[in-house]
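Structures are listed in the sections that come next.
Both complexes below contain chain A, partnered by chain B and then by chain C.
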Partner chain A sequence: MNIQDNYLKNKKNIFFSENKDIQSHREKLINIFENDRFDKKNNESLKNINLKNFIDFKYKYLIPEEKSVINNNEKNSYSIVSINGQCSSYKDDKIEITKILDEDYNDFSKNDIIENNDHFVNLNSLFLNSGFKIVIKKNNNIKIKISNIITDDDLTIFQKNNYICEEGSSLNLIEEYENRNNSTSNILNVIKLEKNSKLNHFLIQDNSPNHNLIITTHSSCKNDSTYTQKVYNFSEGYVRNFHYSELIEANSEADLQGIFFLKDNNTSNNKTFVKHLAEDCKSNQVYKGILNDRSKATYFSNTHVDQVAQRTEGYQLSKGVLLSDNASYFSKPELKIYADDVKCSHGSTIGPIDENAIFYLRSRGMSKIAATKILISSFINEELSSIDNEQMSEIINKKLVRYLSKVK
Partner chain B sequence: MNSETLNTLDSYSKNKYKYGFVTEIDSEKPKKGLDEDTIRFISLKKNEPDWMLEWRLKAFSKWKKMKEPKWANLNFPEIDYQDIYYYSAPKGFDKKPKDLSEVDPKLIETYNKLGIPLEEQKVLAGVAVDVVFDSVSVATTYKGELEKLGIIFCSIGEAIQKHPDLIKKYLGSVIPAGDHSFSALNSAVFTDGSFVYIPEGVKCPMELSTYFRINAENTGQFERTLIIADKGSYVSYLEGCTAPKRDDNQLHAANVELIAFEDAEIKYSTVQNWYPGDEDGIGGIYNFVTKRGLCAGKNSKISWTQVETGSAITWKYPSCILKGDNSIGEFYSVAITNNFQQADTGTKMTHIGKNTKSKIISKGISLGKSQNTYRGEVSFLRKADKARNYTQCDSLLVGNQCGAHTVPYIDSKNNTAVIEHEASTSKINEDQLYYCRQRGLSHEEAVSLIVNGFCKQVLQELPMEFAVEAQKLVSISLEGSVG
Partner chain C sequence: MFLEIKDLSVKIENKNILKRLNLNINKGEVHAIMGPNGSGKSTLANVLAGKEDYEILNGRINFKDNDLFDLNIEERAQEGMFLAFQYPVEIPGVNITPFLHSAINSKRKRMNEEEIDNLSFAKLLKSKANDLGINIDMLKRSVNTGFSGGEKKRYEILQMSILNPDLAILDETDSGLDIDALKIVTDGVNKLKTNDNSFLIITHYQKLLNYIKPDYVHVMVNGSIVKSGGSEIAAEIEKDGFQKFQ
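After this line comes the complex of A and B, so read on.
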């Protein structure tokens, strides 16, 4: 079944389908799909994707209602188990969580900022069936851990989450995606950082081969706010990490980092896009990838510096290690600069593990595999050692050991 | 151009033209627009054999089905292909300026700054003084020398007549007519260009340049160049001239093909200084160039060097296909855009063979309201074991209304290949400026000095005399926009 048929069939079950504005907007989106069917040739971001999974989805669309669990076990620390993309409402003097249905449709229906050039975001706006909103209230320092669980096979989740960090607040957000069933998640996170707020966002992705994860974040930063994102992708299934960040007021910062570990026939598409729209902002984009077997990856990064964004500092780095003959990596680090007082740079390397380094270790009595493993660990050590959360670094180290055990 | 040749030119120019007659120039003009008749007309005018006409028509039928590539970061009105003359016969004398005083004084000023001798200025400006110097005989002297070595250097039209086997075999072998719409267009209507063949083991003793070729006038609009370097040979080819050239044709779509066999080396240098339009961005040349070199044999090498300062729109990606094992591809580029100019230029290195190496150095400078984009693709195919690439592209922004963009495409399918890419964008360092000004340089001189230093890595790849002129050209391009 194609997108159009799916839409017509499920029309009534999609969120906000009674609203006429939204309906007409969705008809427009449907038209885009009709005119520009996922054109792989002219759209690089569709490279290596098995589109069949996403265009002719035969998945179940109606999601079973399950009660999510919210725990406030420690002071200022919350753990949430979101089931099938849903979360029940919760409120105290520090945070407020709202189920998507209770909320004004305006917050959830409009994705204009990124829509139109991203088909998967369009799909999300078209088929929205779950999501929630979390508000961190003024001047609070909060930790939240969200485990995303999908209960049934063949489910298709189109989820949209809104995060708002109010003035002076600070949030440590850990999101876990560990699913073992045959389903697809298309998640859009929209993050708003008010003045002087801070968000540390960790995403740990570890899905089984038949789970597809498409995750898109859009963050916008106001005066003196900082958004830091770290993505760890250990998934055996397809993952698409597209992260957009807009620095809309002065002195704000965005830091987008990611590491992916691929093996077998797996593919992963990654993109980071930072828009500097105000003065004195800083950005950093670093992606590292390790590719084994027949895996494939793409990484697009883009720094856009607007004419008004003087004294910008923007850095990009992409590094890929190919462990096998059949792995392939495509990288496109792009700079678009319209202001003159800027410091921008990018670097990109792709290659094998340094033979001299292997020789050095082997001459000291190490086997080739052990040497390779040590060098892989050191390749990403900088990123791993910068994690200041003990629990997190333990989880990630375990996953890394698991990945390395498969390296031959 | 080296000083020896300048002297020769000088001495020839002092002699009066020996044969005091003027040939009536045929003022026949074909109609505007592009259809099969236009192509037949061109082919007939050039007295081409049937197989060439067929080749052109085939390309034309492909072009009809194609759309212009849209991915470049360029903004220009749609090109009306039916509003263009595709065959420009030499202009009649009555339309040419009679004296240098009738030539745009700005143009003369630039010539003087570049240090171009007066007589040469007349030729460049198209002054209709009989024949200023006998370029024909200068060229023939060189031609004799080249012929002794077995080097073929002639216009592509002549090559079609005299060396049909080589043309049939190699024309379109690197850039197929159906590659994209501009290559198809060029294949259908090309009128001029050079053909070079260097036989086995011959090192060409001098820099070949279109300047010394017969019929060198009216190169331009749809140029087609084919250079073949046979086993173990070497050739250095210069295209263009530092002097600004006015041209009535707005659309330029040249195709340049290079083929280097085993152990051969081709060095191709370009200085492009076409009319860029005025300060308000009106007029100017649209330059859509396809340049591609094939390193067909082992240990072959192709090196592109370009200095791009002209044209309202530059769309140009000199590329190398590194097919032979151990072959080397190099690309050095300086692109300067000013006022409303737009440049989208870069290279494409495709590594196919083992141990292939490529190096890319690109320097972009944007001033005024211009947009300057580097777009480069480096790809390692499965069998490119131990291939190596190094890319460096730096951009310099002068003023806050211009844009500098870097769009690299990096694709690796081989796990023994190593690829490195780095890029930076910044404005002119205040400390450096301060240092220069302290020592008595004016602001403009200081900027020009720093920019020249920024480009040095590329300029030093140019042949000696050319490099000196190119340096002056860089300074001239900066004029009026600094301060």
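After this line comes the complex of A and C, so read on.
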């Protein structure tokens, strides 16, 4: 079924389909797909995947029977169970959770960089069927843990979440994606950091082989705000992590880090894009991958420094360890600098485990497999030891042990 | 015989390095191998430790009644062989203390000995580090990472003294050491020497042998041992170089 028919057939289940502005935007998006107006060969978002599988899909969405759960057990700490992308409304003096509204759709639809290149975001906009908005109120320091649950097989979740950190607020956000059913989640997180706010965003991904997870984040940072993202991908199913960050006011920072652990025939596509649009901003993009068996990964990192963004600091690093001759990792760092007073760097290294290091460790009595495992752990040691959340650290270490137990 | 190398020929990437090399080492003996650059000294050390890049063309090696070629790299280490590397490998992210703890326990396990617990190991490590003038803070760092040349060599000797091998091969341990560091390192080696263990010391210069007295000195040229004798050979080399042996 083509995109237009699919959309028209399921329109009643899709958010904001009665809104004329949104409808006209969606018609534009349908045209992009229908007229095949995009360059498939050179489009980074399409590497290693068959777009047809994602365009020609059977739409299925179920409004969950159970209500999502929001707990506020500890002071300033909330745990949320989101079901099929939905979350109940909640309000207190520190946070407010609501459904997303028409206006929340519009605030993002004007982003040309994404719209012209990222077809998964366009699919999300077209078939949007779930999502929520969380506002952290001024000067509050909050922790939120969200478990994303999908209830049935064959569901196609198109979810959009908006996070707004008001002035002086701080949010520690942990998102867990651990689904065992045969479904596809296409999630768009739109994050706005107001002046002097901070968001530490952890994403733990550990889905079964038949669950596709496509996550796109767009963050925008105002004066003196900081967005930090740490992604840990242990999924056995396809995962796409694309993250766009805009530093729109001075002294703001974006730190985008990711580690993926792949095996079997799995694929993961990753991208970070940081746009420096103001003076004295900093960005850091670090992705590391461990690939076994016949797994494949891509990582594209882009730093764009606008001509007004003087005294920018922007760093990119990509590293990969290939545990098998059949695994492959394609990495492309890119810097576009239009200002003259900047410090920027990029680096990329991909290769097998250092045989000299293996020999050294074995020559002290360690078995080859133990030496391999210790070297894999050491490869990501810096990132793991920088996790300052004990609960997170424990979760990640357990998953790492499970991954390493399959390394032979 | 503790270590017996018989007619050993080895090549790497179509280049013959060792050519019918013979060497016997008994328990309690210290042997030194001297030779010019490219004579095959480090190849011999690597082949003994089990590095897999080399092709064995001919010969055999017996170590403590084992055919060495039947043992893989870690089994050789667990049987009591230790190679102090000429260029110790930097391994960022692998902390020295748990690494050494795991190394000693893998050896004890093979010998059917009880594993050493955390506390006892910490005490042992601290005392050995003190002996070698190694700052305790260094033990909190990653293996060889950011170490100076001298620190790396000292750390090799620390590992040796913890693992207490039956046969220690020191591959140019003196290179890159200043005189004070050389003294500390050689003191460490001398402390470890007993009638039950043996040393194979590879060096270019006599200087190291002033501190560790060898029972035998061998001259290695072009992949073979061309002359064997006592300390007088080292003095001869110091005076006249290797030219006359080539």
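Going forward, the second predicted complex is superposed on the first by the 381 of 408 C-alpha atoms of A that agree within 3 Å, B and C clash if a C-alpha of one lies under 4 Å from a C-alpha of the other, contacts with A are read in each partner's own complex, and residues count from 1 in each chain.
Convention: a contact is a pair of C-beta atoms (placed from the backbone, for glycine too) under 8 Å apart; a residue touches a chain by one contact, two chains touch by 3 or more.
Not measured: the values here are computed from a predicted model.
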item: More chain A residues in contact - chain B or chain C; value: B
item: Partner chain(s) touched by A:V342 [first = chain B, second = chain C, both, neither]; value: first
item: Touched partner set for A:G320, first chain B, second chain C, both or neither; value: first
item: First (chain B), second (chain C), both or neither touched by A:Q310; value: first
item: Which superposed partner A:Y360 touches (first chain B, second chain C, both, neither); value: second
item: Chain B versus chain C as contact partner of A:P352, first or second or both or neither; value: first
item: Chain A contact footprint on chain C (complex, rising order); value: 49-52, 72-74, 76-78, 82-83, 85, 88-89, 91-94, 99-100, 102-104, 106-107, 110, 142-143, 159, 163
item: Touching residues on chain A, where the partner in the complex is chain B; value: 307, 310, 320, 322-325, 327-352
item: Partner chain C, residues of chain A touching it in the complex; value: 354, 356-357, 359-368, 370, 374-375, 377-382
item: Contact footprint of chain A on chain B as seen in their complex; value: 382, 395, 397-427
